[in-house]
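For reference, the structures are reproduced in the following blocks.
The same chain A turns up in both complexes below, where it pairs with chain B and then with chain C.
Take a look at the complex of A and B:
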């Protein structure tokens, strides 16, 4: 089980989602992907997409307008 | 291998961080209740999907929805509200301890306020699923407009959201084609938006049409519409498609626990109470006439206040009124009714003559009838006698000797 950080700071939609999708493909079951974002638009699609895929998702607001979307690859 | 869930206790747990949930949080936080707000994605809810909010009082410059909800969030944080950004996986609403679970935590609350709102309805057209998220179908012009500079987009729907957001898209896109279900000239939006849209040279309308299917390789490249009258297919080549055809309530996790309407909205009364004690519902998830930020924050104010009242009354009811140390006498009266007010002196006399032997409580229903409701009285004034914390008698005659005999 490893944790992978994905820096999407400064990136607008749909780039964070595309990056997260691609990165997650490389990971093994049980791994955690932490997507760092600061465009609120990505907060509307990255968590929802990941949950729809069936992964566990939790978000930390690390600062005002800056988030870490934590995705656990469960399958 | 399931992890042990971390358990946390709260007075109030609010599910959903849109304007309704945020307003409830501000009221609950201000009442010094230990409050948790759970939001699955971005705090601000559906309001953050709107680029200009022109009718929310106090904001004359028509800011973005997010600008308004960020201020609400800041205000709630100042009131000491805890925020947790995660989805709720299950709830157990019955009983005194209400349980709200996420994948890592178990939250126990005295009160649960449901503010889960709605999610955009989809057209149900063929291949729709394949193009959701970043593949060409969007529900948020504010989020994705900039990416459509000089592109051709299709908008589905003719309500306020469809037309207003469609017009916003014309600032970026070279052409916006709107698919409207109705006959030519008939739209569901307000008249001002309709006039402006019809006059907008970048907007084109395809009347009497609905979505038949979506086409494209990796990304959407064509929306095939269908004329509802003739059945003819109308292929529209485009870069992206925006759907604005209403919302579905997020009530799946409450199915079987709460009474829902046929359309799956939660039914509430004037105090935003649901069918379960200590569970309130507010905002777009409830069966209501007007779904606006202004009405959502009103709902939140009611639920936040009702939650505070509920917790306070429950505390008094369980520990003071239904005490089990001594036999109890509860006088339920209405302070504006002279007869029942005058009888207070008789109650005082009974208390005096039984000094130290009985516990006397007075409940004025003029201030709040919550406690009287809990006692399930047929009428007020009334005298309730308890023994060992249980009701043994309800007396509706204001007769001192009768009361003394029952003690």
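Take a look at the complex of A and C:
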């Protein structure tokens, strides 16, 4: 069980999504991936993709226009 | 009373209507319906279908003229309609106001959702890609006589075959573009 930070600040769509997809593939079941984003459309498509895959997802607003999408690799 | 006012914005943050209407983005379906309605209004009011990128060519021409240049001989601005637009100025150019509305509307939306942030430039690669991408899109949109709004969206909406031809070209371009993006930006 580890937590991995993925810095996608300053990246526009669809880069955060592709980066998150690639990163999650490297992780073990039970690991957490925290994607840092500041692009509001990534705040929509990253959680949407992760939920569709069946992972547990939480979005936290850490600052104005800055979010952390926390994805638990459940399977 | 004083105390209550001080907490107004804190209370607003958790208000369900604030969250629903201003904080959370609209769903794609809501946005699509609104876009469709407003493009009909645009066509009905201005007698022209909705377009976005053509305006930038006009702005460019105005800037060029302001520093002493002349576009009178340019093929793109040769038609009497284009000349009339250039002569009419910003105040009479509905398309310019619509674009300004998009820019300031986007700013207002992000401020209302308290999501405004000046983003850092991450790498030189980003700057080059943005500049190159902008140039290609701008140039491509002009030689195609429209962008994904004027040529594609408005084209298809007015039952023109050209809109569908544009869609095929754009789809192929998007496939190539995505491959390049993944190759050079991941």
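The rule is simple: the second predicted complex is superposed on the first by the 75 of 75 C-alpha atoms of A that agree within 3 Å, B and C clash if a C-alpha of one lies under 4 Å from a C-alpha of the other, contacts with A are read in each partner's own complex, and residues count from 1 in each chain.
To be clear about the criterion, a contact is a pair of C-beta atoms (placed from the backbone, for glycine too) under 8 Å apart; a residue touches a chain by one contact, two chains touch by 3 or more.
The shown structure was predicted, so the numbers you read here are calculated from the model rather than taken from an experiment.
Asks: Under the stated touch criterion, which partner chain does A:18 make contact with: chain B (first), chain C (second), both, or neither?
Replies: It touches chain B and chain C both.
Asks: Would you check which partner chain A:33 touches, where first means chain B only, second means chain C only, and both and neither mean what they say?
Replies: Neither partner.
Asks: Per the contact definition in the header, classify A:66: touching chain B only (first), chain C only (second), both, or neither.
Replies: So A:66 only meets chain C here.
Asks: Could you let me know whether more residues of chain A are touched by chain B or by chain C?
Replies: Between chain B and chain C, the winner on chain A residue contacts is B.
Asks: Would you check which partner chain A:57 touches, where first means chain B only, second means chain C only, and both and neither mean what they say?
Replies: first
Asks: Applying the touch criterion given at the start, work out whether A:45 contacts chain B, chain C, both or neither, answering first, second, both or neither.
Replies: Touch status of A:45: first partner only.
Asks: Is A:6 contacted by the first partner chain B, the second partner chain C, both or neither?
Replies: A:6 contacts neither chain B nor chain C.
Asks: Using the superposition described at the top, list the residues of chain A that contact chain B and also contact chain C.
Replies: 14, 18, 40, 43-44
Asks: If you look only at chain A, which of its residues touch chain C in the complex?
Replies: My answer: residues 9-11, 14-15, 18-19, 22, 38-40, 43-44, 63-66.
Asks: Sort out for me which residues of chain A touch chain B in the complex.
Replies: 12-14, 17-18, 21, 40-41, 43-45, 47-49, 51, 56-61, 67
Asks: Going by the contact rule at the top, pick out the chain C residues touching chain A in the complex.
Replies: Residues 25, 110, 113-117, 119-122, 126, 178, 181-182, 185-186.
Asks: Using the touch rule from the top, collect the residues of chain B that touch chain A in their complex.
Replies: Residues 40-42, 48-49, 66, 83, 85-87, 102-104, 133-134, 140, 142-144, 146-147 of chain B touch chain A in their complex.
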